[in-house]
Every structure is written in C-alpha cells, then in structure tokens.
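Take a look at the structures below.
First subunit A sits with subunit B, and in the next complex the same chain sits with subunit C.
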Partner chain A sequence: MRNRRQNVITLLLLAPSLVMAILLLAIPLLVVIAYSFAGRDSYGGVVTGFTLESYVELFQPAYLPIFVNSLKIAAMSTAVCVLIGYPIAYFIAFRAGKHSGLLLALLLIPFWIDFMIRMSSWMVLMGRNGTINGALTGAGIIDEPIRMIGTYPAVMVGMLYAFLPTTVLPIYAALSGINRRLLEAADDLGAGPVEAFWRVTFPLSLPGVMAAMLFVFVPAMGVYAIPVLLGGGKSIILGNLIVQLFLDFRNIPLGAAVSVVMLVLSSVIIVFYMRMLRRLEEAHA
Partner chain B sequence: MLKYGMLLATTSLLLAGTALTASAEELHIYAWASELPQEIVDDFAKETGINVTMDTYDSNETMMAKLSAGASGYDLVEPSQYTVQVLVKQGLLTELDHAKLPNLSNLGAAFKDVSYDPGQKFSVPYIWGTTGLAYNEDCVKQPITSWKAMWDPQYEGRVYMLDNMLAAYIAGLQVNGLHAGTANPEEIEKATQSLIEQKKILGGYNSSNFGELVASGEACIVQAWNSNVTQILDENPKVHYVIPEEGGSMWIDGFAIPKNAKNVDAAYKFIDYIMKPEVAAKAANLSKSATVVDAAKALLPKEVAENQAIYPPADKLKKVDFILDVGDAMKLYQDGWTKVKTAQ
Partner chain C sequence: MKLSRIAGLYVPIVTILGYVFLFAPLVVLVIYSFNAGRSTVVWTGFSMDWYVQALNDRGLQRGLQVSAIVAVLSAIISTAIGTSAALAVIKRPFPAKNLFSTLLIAPLVLPEIVLAVGMLVATVWSGLALGYLTLVAGHVLVSVPFTFLIVRAAAATLDPRLDEAAADLGAHGGQIFMRVTLPLLLPAILSATLLSAIISFDNFVMSTFVSGVGTTPLPIQIYAMLKTGLTPKINALGTMLIGVNVLAILLVMGRYLKTVRGTGQ
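Right, the complex of A and B next:
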C-alpha cells in the first residue's frame, strides 16, 4: 500500500516534466517525421499523404557533399576541442589546486552570454579592421591585415570557442575522479611522469574523453550560425541545409527528411558510442 | 491515466486563457529589415492607440515559409512583386477591400496597375528600389560599371554576394548577357556555372549586414539592395552604389494582409496611414528609399529626392529587369543554388 502511494506521488511529481517532454519534444518530433513522408506542390504547399519522394531526392548527388562536409567539420572540431580541452582539464584537475573552482567558473561564465552575441564578437575580433589585425599591424608584425572572416580556420575557431567548455567538463570530471594513490604507486614502481600519464592517467580518463567527443561531434553537425557568420556561408553543413530547405526553398518535406536522417545518424553514433564506453568501463572494472 | 488527461486539459485551458486576455487592438507586422522605420510604426501606434509589434526578415522566402506553415500570427506582410504572385496562387492573401483604403488614390501612376497584381487586388506598393552593387573606393581604384568586377580575382576574399537565391541569380544571369528572372533551363544552368566559378574569390554570402562590410572595408564589393545601403552612402563618401550596365533589377515591396490575419481592421488602417503623403514622405526620408506616393516625393528634402542611388536616372531604369514569378522553373533555380552552395 505504502509503495503504491509512493509511486503515485513520484508520478505526480514527474507529471509536469512529462507533459512538457511530450508537448515540446515527442509531439514536434512526430510532426517532423510525418512531414518527411508528405508530398509537396510546386508552390511549397505540403500535400498530406505517404510518399518516399523526399528521401529519394535526398540521396541525389547534390546533397551528398553536405553530409560529407558536415561529418568532416564535426570530426575536425572534435579533434581540435579534445586536443586543446584535455590539457586545460588536466591543469584544472591536477595543477590548479585551490583555484580549480575559480577556473571552472571562468570556463562557464561565457555561457551566460547569448550564443549569437559571442559569435558576433568573434566577427569583430577577426575582422579586417578588427582587434586582432589591429594589434598585429600596430606591433609591426604584419603590414597588411590578414583575412580571417570567411575562411575555414575561422569556422574552427568558432567551433572551438563554442564547444570547449563542453569538452573540458567531462574530461575534468574523469580526471578528478582518479585515485591519486594509483599515481603514487606508479611512481613507487619506477614509472616516470610520462609513462605514468600514458599507462595510468590517460586510460582512466578515457570515458571522460569519449563523452566529450560525443558532446562535440553530434551538435557540431547541426550548428547553423558559425558557418554563416564566421565562414561567410560558403561551406554549408546539415544545420544550414535544413534552414535553406525550410525557409529559402519552402520544401518542408525535404527539410523534415534531412532532419530525420540527421536524427537517425546521430542516434546510431550515440548508441554505438555508448556501447564502446560501457565496454571500456567494464574493462577497467 | 485520467489524471494525465485532466492535467493536459488544464494546461491547454491555461494556455488558451493567456491568448484570450489581450484587450487593446493589436497589429503584428512582418516587414523587410530596414524598410519600415520604427518611428513610423511608433507614430501610428500613438495616433491610433493600436499596440503594434514588428518583426523583420531579409528574404521573401523566409516570410513565405512562415505564412505557408499556417498560423503565423502576422496581420501585415511586405512581399516583393513576384512574392505577391506566389502568395496569391497559394491562396494566402486576403483580397483587399478598397473602400477601406481611401488614401489608395495617392498611389503614383506608375504603380497604379502593376503587372504582378492587376488592380491592386491583393497588395499595395510601399517602396521600390533596385538590386545592384556597392563598392568602397579605398580598395577599388577605378569606378565599377559591370557585374564582371564581382568575378575579378584581384578582389579575392573581399567580394560578397547577397545570401539570397534569386538576387544572386540576377548577377549570375546578367554577367552572361542574359535576363534575370528567366525560366530557360540552359540559361539558368549557365548562371549556376558562373556562380560556382565566382565562389573561389568570394569572401562570403551575406544579406543582412553587407552595407557595414563594404563601409568598413572588410569587403571591396558587395552585391546590394539599394535601400539597405543608402544610409551608408550618406555617412561614408567612399562607398558608391551602382546599377551595373548589364541591367540590374528593380523591385517593388508592398503591403498585403495574410488570409488568416486576426487584426484585419488594424492592418487596413496601417496601409491607409502609410499612404498619406506626409507619412509616406517621412518613411521614405527615414529609410532613404523611393516612395510610390507621388505627392510624397514633392515633400522630400532635395538630397533624398535627387539622390541617384534612390531615384536612378531614367536611362538606367529602362534597362533593369523586373523579376516575376517563374513558376515551375523555381525548382531549377533551387537545384542550381544548392549546387552553388555545396561547391568547394
């Protein structure tokens, strides 16, 4: 009896978020899936019904480069974020001492500022007459301003800036959970700092690294603003394609189909990844 | 299960309740960015007591997408000429009751019976302008007269095209000696190839702050809608606007009432308000764009009325293309544009 009452209370407490999840997540998702199977007239109207037209159109050669480009940009962003994020996380976990809390806070503060404003600030920084060029020409390092906006490295800078905190946090969490006595043991057994890192610290931090990679890779494929603002809109990825199909071409079914493919793609990656992660954790246990 | 049903019901009642509480008359405008000055909107709100909100867009297609998706919540939209045709064909506009628009008679003769909307059945022109290019003489040494400059490798990385399919194709077609707004597949393909080739030297695509890009020198040349750069031309004498010798294009943006608009009376009031000569003149002066109300033109200060970036000379206007709805050929443009956007 008591158990049942507890269940009811739990359910009631969960109800608001359940309703929210159904209204704002499950239903819209189902609507998107339904749209992806709908037909369309030449003026952009949606014709209800069931057709695979949009999926057939999607696998035309024109769209393939966007998928490839998205995967490339996402992979590159992940690599850059982890390579730069790992040392930062390591420093905060092992070397920052009592300042680690402050450093973590500093890492998170930019999140209080709107994403678009942060990206627009990079446009100011990297502009031809921007802060970086101004400093470099002022110091006499370069004669002519360097072109940064509208280039691939500018997109990478944007990605790094956007996803660095989500990379550092899980790696930091994994690193700070490592039992320090293991490192002392490695030292006692004659391992130098480099060997101790590669044979003890790094393997133990891998779950964090893998989580970080997932947190960057999946959202990076769908980022819309960074390729437009910092890349000049020249190299578009899935997020941009979806906007183009929905807003510019008024092709709601095709836009929905791209969204569904992207959803499936990221779900497959997540499931595959979770499995690997679990295997890794079992191996350590 | 019943509990969830009740919860759902009360939630939706709550939501419905908030939608019903609005009491004062309202008007929701969806207009082109930088074409309808906020001051005009505020004046109207003060005069009528109507609560006005305004959102802006930088492509007709975005606005169309919102309208065709269903309840957009907008009472007044500002489509360009070909967009009026598409919206009418989709049945998304209200047929206008001219009895509610006494000031319609102020419309200039040239805009009274436009080809895309005979008899002003669905739209009332508001302003007109041209699509051309703007350059900064800091990095462009000789005056530009042709679209070809936007393909010139000496400006590599500092050329920006409008991030707008049909606008980009104006340059892509005309640089090949063709007319903008064609429905001919070979001509569209030719333009697509030119636009792909151009991509190598582009700094990027931009249809929001291209005026600032060319003013700051980030860009040497930008493709431009004149109404977005006229303000900048005033402030920065180094920036020039040109209608290319290949023609460029002319556009007319006007007001229309969506079919599912809730505040139709307020929308009529606004259209009629903006047709008053003194209001049209103030709007044209503030937005630095060309008015369709003849009596308003007479009220404009000389520097606006004689500004060639706003009112181009007659010989230029003879050569401009006027883009109308291309019908099924739209698909060709879309496929081409996708190729352009994905080209490396």
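Right, the complex of A and C next:
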C-alpha cells in the first residue's frame, strides 16, 4: 500500500513535465517532420501525403548557398567568440583575484538585457550618422562616414555581442576547476608559462571550450534578427530562410523541411560533442 | 620569453576591450536617450521628451502589456514544472532518470527557431488560434530548462538526513515537504521564477512564430520599429528596460549572495 502511494507521488511530480515535453516538444517536432514530407497544390495549400518534393527543392542551387553561408557564419562567429572569450575567462579565473565575482556579474548584465535593445544600441553606434562615424569625422580621421551597417563585420559584431557571455561562462567554469597544484608542478618541472599553458591549462579547459562552441554554433545557425538589422538583410542564413518561408511565403512544407535539416544538423553536432566530451573525460581519468 | 610577454599582455588587453565592447553601446544608448535632439552624435541639451513619447506610444504600451501578462503566466507555470521535475529527479527513484533530465534540458540545446516552428506548425495543425495560449506555452518550453536546472542544483545540496530527522520527529511526507524541503528551496524557486520571467520578457525568436494578431509582445514591436528606422524613443525605452533588468539581476544576485553567506556561517 505504502509503496503504491509513493509511486503515485513520483508520478504526480513527473506528470507536469512529461505532459509539457509531449505536448510542446515531441508532438510539435513530429508534426514538423510530417509536414516536411507533405506536398503543395497549385494554390499553395498543403496536401497531406508522402513526397520528397520539399527536400529535393532544398538541394537546388537556389538554396544550397544558404546552407553553406549559415555554416560559414556560425563557424566564424564561434571562432571569434572563443578567441575573445577565452582570454576573458582566463583573466577572471586566474588574474582577477577577489574581483572575479564582480567581473562575472558584469558579464551577465548585458546577457539579461533585452536582445532587441542590445541590437538597437549597436545600430545607434554603427549607423551612417551614428556615434562612431560622428566621432571619427569629428576627430578628422575620416572625411566621409564609413558604411558599417549592412556589412559582414557588422554581423560579426552582433554575433559576438549576443554570444560572448555564453562563451565565457563555460570556459571560466572549466578553468576555475583546474587544480592549481598542477600548474605549480609544471613550474617545478621547469615548464615556462607558455609551455605550462599549452600542456596543462589548455587541455584541461577543453571541455569548457567545447561547451562554449556548442552554445554558440547551434544557435548561431538559427539567428535571424542580427543579419536583418545589422547585416542589412543581405546575407540570408537558415534563420531568415525559415522565417521567410513561414511568415512571408506561407510555404509550410518547405519551411518544415529546412527546420528538419537544421534539427538533424544540430543533433549531429550535439552527439559529436557528447562523444568528444566522453573521450576527453576518459583521457583525463 | 618574448612570446610569454605577448601572451601575458594579450589576456588583460582583450579582457579590458571585451568589457568596453559589452558596455559602451549600453552607455551610449542611455546617454543619448536624454538628448533633446534626434542625433546620437551631437548633444543638444538634456530632455525627457523621448521618455514621454515612448510611454505614450500605443504600440509600445500594448506590447508591454502583452509581454507582462505572458511573462507572469509563463514564469509561474515553468517554475511549477521545473520544480516538480527537479524534486522527482533528486528525491524519488524512477527508471530512465538521465533520459528524463536530457528531455527537459533539450529545449536549451536545440535551436530555438526549430522549437518555434514546431509550436507554430502544431498550432496550425490542431486548429487552435495563435494568441496568449501559444505565447505562454512557447515561453514555458524555452524557460523550463532554466527553472529545472536551478532548482535541481539547489535540491542536490539539501542534506537527505534532514528528511530523516523530520521523519524521526514524527512528520509525515506532506509535512516534511511543506516545513523542511520547500522553505529551504524557496530562494532557488524565487530565482527561477524571476529568471524565467526575464527570459519570457526578452524572448524574440519563439514569439515571432507564436504571437497572433493583437498579441504582439514588446520585443517584436521593437523589432518592427527598428526595421523601419531608428527612433530615439527606442533609446528611452531601452534605458528603462535596462533599469528594470539590472534591478532584477541585483535581486537574484543579492539573494544568491545571502544564501552563500548564510551557509558560510
């Protein structure tokens, strides 16, 4: 009897999240997959059934560059974020001393500020009549305002701004977990600071770096406000494509197919990440 | 030796530039929100006009109202879901526990746009209308991983002997929960609620897909305004939102610091 009651309590605790996962996660994803195999009639209406039309259309030359472009932008954003985020994480973990808490808190503030407000602040800075152009012309460094909005670097600035805190946190977590005695040992054994970094600190921080890469790369593929607002809407990536297909062209099957491809891509990346992480853990164990 | 010196300089320089990069745009935004003119270069005098205009903008008012309603509802629901799941994982034996945890964290790792497409397509498929229901549901989905992780982390630090002690003193299951577990978890539960309210309030991608006619949340409203061109009204609005968010963060951090100090003593 008592056992039965305990099971009921467990079930009651699990029920809300299971209902949510089924209703809001599992069923919607299955419906997306089903729609991606549906056809369209000549009026654009959805015809249920099984056809590979949408997938065939996706691999036409019109769409292929968008995939390549998205992967490129995601990879580039990841590289930029890690190159800049790693030293910041390193500074907070090893050099900041008692200020590390403050630096972490400061890092989190922009992270929680409305994303649109953060983007608009960069539009203010980088606009044709924006603050940066105003300062540079005022100082006599340039005669004509430079075009910044609508360029590739502007998109990268937006990506870095959106994902820098996400990059720093996992790397910091990995770095701060390193046993300092290992570094002392490296020093005792005659390793210089650079050698100690590459042979001790960096390998031990790799799980954090990989988590950071995962947390930048996957969402970066789906970002769409940044390329529109800062990139002038010229570089179309998967995120914009999905929004256009659903909200402008109302082409549900094709939009669903793009989403499925993105789901598969990110799942492959996540599985690859878990594999690598396990291998790293085994190597250190 | 030379290489290590360059490396030694690289770290602090990037850190300083990184923090300038993070805060400069916000500082500029705040300063020019008080500028009398439209320019974000020339200072023409102090004025609160843009604040008055932002607060009187019908679209922004409506967006704020929608966002506030959705944030409150989705925060309450996602905290309830995350907390019950966390308690189950920490306190109860059941099969496939790891799989269950992975399932709850999945919305954090999967691209949000795919989750959003799922919500939209499922809504169309089921014949429901887009509106408050779909907005709240979508925001619950993206904030549950956070509430689950926060409460689970706090619950994992609870000493199981407390439950045993309470049971020895004659408390039954419900009493143990109400008088021991819940009070100890309350700070984490409140942080989770606040955090998921902020997540909902800031949410953009999910909202793009699941908001209906007449239920446009604030970020979508701002996005629409930004697409047609910058107006200093947005700077004023941004400054107010920054103020609210910073206050919320201080509340969470203050609570967190208090708990850390409390357990330290």
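Assume the second predicted complex is superposed on the first by the 275 of 285 C-alpha atoms of A that agree within 3 Å, B and C clash if a C-alpha of one lies under 4 Å from a C-alpha of the other, contacts with A are read in each partner's own complex, and residues count from 1 in each chain.
Simple rule for what comes next: contacts are C-beta pairs under 8 Å (C-beta built on N, C-alpha and C of every residue); 3 or more make two chains touch, one makes a residue touch a chain.
What you are looking at is a predicted structure, and each value in this text was computed from that prediction instead of being measured.
When the shared chain is aligned, subunit B and subunit C each come close enough to touch A:Phe246.
Residue contacts after overlaying the shared chain place A:Ile270 against subunit C, while subunit B stays out of touching range. In the superposed pair of complexes, A:Gly45 makes contact with subunit B only, with no contact to subunit C.
Touch criterion met: A:Phe197 reaches subunit C, while subunit B stays clear of it.
With both complexes placed on chain A, subunit A has more residues touched by C than by the other of subunit B and subunit C. When the two structures are aligned on the shared chain, A:Ile178 is found in touch with neither subunit B nor subunit C.
In the superposition on chain A, A:Asn129 makes contact with both subunit B and subunit C. In the superposition on chain A, A:Ala256 makes contact with subunit C only, not with subunit B.
Judged by the touch definition given at the top, the superposed model places A:Ala79 against neither subunit B nor subunit C. Residue overlap on subunit A between its contacts with subunit B in one complex and with subunit C in the other: 12, 15, 23, 127, 129, 228, 246-247, 252.
Remark: subunit A residues 6, 9-10, 12-17, 20-21, 23-25, 27-29, 31-32, 35, 84-85, 87-88, 90-92, 95, 103, 105-110, 112-125, 127, 129-131, 133-135, 138, 160-161, 164, 192-194, 197, 214, 218-219, 221-222, 224-225, 228-229, 238-239, 242-243, 246-247, 252, 255-256, 259, 262-263, 266-267, 270 touch subunit C in the complex. Considering their complex, residues 12, 15, 18-19, 23, 42-46, 62-63, 65-66, 69, 127-129, 147, 149-150, 228, 231-236, 240, 244, 246-252 of subunit A touch subunit B.
Touching subunit A in their complex are the following residues of subunit C: 1, 3-4, 7-8, 10-12, 14-15, 18-19, 21-26, 28-29, 32, 39-42, 80-82, 84-85, 87-88, 92-94, 100, 103-104, 106-107, 109-115, 117-122, 124-125, 137-138, 140-141, 144, 148, 173, 198, 201-202, 204-205, 208-209, 218-219, 222-223, 226-227, 230, 234-235, 237-238, 241-242, 245-246, 248-249, 253. Interface residues of subunit B, counted against subunit A in their complex, comprise 3-4, 7-8, 11, 59, 61-62, 64-65, 68-69, 86, 89-90, 157-158, 160, 163, 165, 199, 202-206, 216-218, 327-328, 330-331, 334-335, 337-339, 341-342, 344.
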